[in-house]
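First the structure, in the form of structure tokens, and then the observations on it.
Letters A, B, C and D name the chains as they come in the text, with residue numbers starting at 1 for each one.
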């Protein structure tokens, strides 16, 4: 039974995990998740969703519960935010990934989300991990900013061992002494995960760098390193974003990125001897 | 009203916070918290409590909910552990500090604990912080192993702004490249907290170093740096400890440490122009 | 005059620096430097040089002076090693990059080297930087394993301000808490250098990861991130290497990497709207 | 023969090394080294030397060669600075410690210095280590800001194995993610050195914190942790210091620190069962 498979490879020959969310298949396609840091309004969310869909994104991200450094910062719209995400999903067909931060919220948030995200600050929130481990929905598990590969896979194991085999890992930068970037995006974790685990791994270059001007380069590098997808912050009007304003792409920038990813994706498929995989939603 | 005071000093002249738990006063006395990493049995817990009480500890620590790296490690005795702690408290008179990891457990755990501990992995578990912010019991907030001073004080602010003014900070080592010690104990955070906040700060040299042989030196250094107390792991039979075996002091070692702290404490009081403060429980 | 140009861009419109070594042009071509960690014998060095040349490398690396953690480890062959490198150059036509560690050696080592390397431990060895700043040969300046972007560019500035405009930067991994890899290869520094400096930047995935199995992925990622080249360790008989045995590629592995880089290079040129650039030595 | 003793203890029973410089004995007395970051003028240096001598310092520090991040910063007075230090020594009787950064300078700098300092950026400058290894003068070896205990002791080994048994280690803070302090002073390295090596270890809280207001606390903590001394920056007019202005103590502050160290020193001697050791120069 799949649920009893460990996060770490142990010389088994069961192949890599493929995890489905709507028509998206992590571990098979290169998945592009895009959307605003936080859901701010219906208009902003649906407009952004339509823009990223048009550019070729496969999935919509948006935060309804925002873990913020200060208690006085905007904390997200909560249930109202989830309802807006639902409308954006209906408007575009994009499946939704959204963060859950409290074990008491897991069951009802899972009614709105196609994939539940565990944020970097909650990677070792074991109560939360056990709770999402009871779901039959995929979980996107971000790497703790202070976390080793081994610790990260152990956190995936908390979810798997609770019965949910559908974990997608997401590298989002670790904390180092460098201050030019917000975090240090550790792309070497991508091939490291590939050789130690069967779980898919995507990369978040928005949080991973915190610097708009280098997100495109790092997205391309993530794909070349073998990642199964990326997650990027896009806002229909970046200058007005209520959080992470400095790292939100405009729809135009995102469109440019998607064009380059499509070209690079064909090249990578050739290198890996695969038939061209899907990139961008809505393709047959 | 105290609850509205910010964690950070802003040039106010309200003096340092003093936080009471039983007959212990954080911020006034030098507080020594001792006990096993985890509650394993009634016999082990009560015996250890009696030993540390005899040596002069002011408070008993012991984990009933253990956040462990792997889901297959011992996770603690839960409610049964709390009941054992209650017995140990009755047997010795020592107030209890124990960790809470899930917001759903906060209200009932608080019936057993005199001080609730938030562990390093949960420092930014904002749901949990908000929940303990509703209590009128002190909270011991450990520093995240990846956390800056500013982020830590913001987490204290989550608790204060929710209405609970009684936060005790606890330095427990940060994550660096050094591998000789388990973490790097950052004693410079002690005077840094003193100049930026009114909250008391204690030091955990057991987790901070992970190396039994240097805990005594770092305990003395913590006192000299101006800490308001220490928290150390003591086990009546260290070799049998179910977690953190390598950093658990024997009662004898702990007794030796207490003697040195008493001598150094008198010296520090002289340096600071204070009348001798209490060190060790049960003194008048 | 070129020598007075600062390492940091200051809104000037002078374009990116192109630095020549033999027939190699850093900042224009994608340069592949390959060879053994240390020169061990004439046979080993020439054989390795011929293998990497055949696979398409542009330049030969090899250490004659090895800065080793322990004084009891192999310290390199010194002058004898340089003479062997000279023979390998004659045998293959590949220009040579080799490390210099002492300011007293700079002038005579520069008679053998086409590019002088400053290693990570010497990034802030200012006496050495000033000395190579007097040469009219290119300098490959590795990033200190503890160094920020700003500090690194300041070290380049030491060389430039001494009169030598030909500095090539090389990312080789920084020191973090992660232990799965030997260092954490920071590819985000590549686009960061591109937006703050006109100097070329290459990547060393061998030291950057210390793990043979992920060097290929990180080489591809470096190219996709926009690097101007890579430097990799190749040994004709990796199992016998006297240093860094665990990260030395066999000629076969290196050949496989070169094939993939060639395919990816064409793709990157297309993305960047450039005509196909040279990859691999010996092309016209 | 002493010179062949390894830096690391290997279960030998030869006791801890005691290293003499003038009338100062590292490893036996608690040594206080004080003085300006850099020698700026004869008046400034002699005045500062007289002030720290009056307050009880045992040794004078002062830089004639300054390794600076930028080539455009003040680089020190060189030979002229050494001659000023010589005058300050004659004026006060304090032995001198000063940094050497270039192997070509070692022999003539050693004519002026009682102890030669190797700075944090040069910890792994092996040419320099081998050169000071030929001297029969003590060497103060600062820990690299990126260096593990094991690497540090290996650098000491470079000096010892070259024939010079007189190495004093100096902790000066490591690089972490915390930005409140300039570096993170790792006091746990003090007892770690004590249990793995016979060499004396002192602490530099000025560079270790970069924050004037917490130097006193960290100096006391260093003593309590078991350090063999401290090195602090003192300037007769801190506001005018040409480098590290923000961490230079005034003579008054330093005087206050010395009084506290004297009280604490007596207490530590009592704890360690030693007869009162000397603190402050000029005592019989």
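We adopt the following convention: contacts are C-beta pairs under 8 Å (C-beta built on N, C-alpha and C of every residue); 3 or more make two chains touch, one makes a residue touch a chain.
Owing to the predicted nature of the structure, the values given are computational and were not obtained by experimental measurement.
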A-D against C-D, pair bridged by the larger set of C-beta contacts: C-D
Furthest chain, CA centroid comparison against subunit A: D
Cα-centroid distance, subunit A relative to subunit D, in whole angstrom: 49
Subunit C and subunit D, separation of their C-alpha mean positions in angstrom: 36
Two or more partner chains touched - positions in subunit D: 146, 175-177, 179
Of all residues in subunit A, those that touch subunit B in their complex: 67-72, 101-104, 121-122, 124-127, 144-146, 151, 154, 157-158, 161-162, 175
Interface residues, subunit A side, partner subunit D - complex: 175-177, 179
Interface residues, subunit B side, partner subunit D - complex: 146, 148-150, 174, 176-181, 184-192, 194-195, 208-209, 211, 213-214, 217-218, 220-226, 260, 263-264, 266-267, 270-271
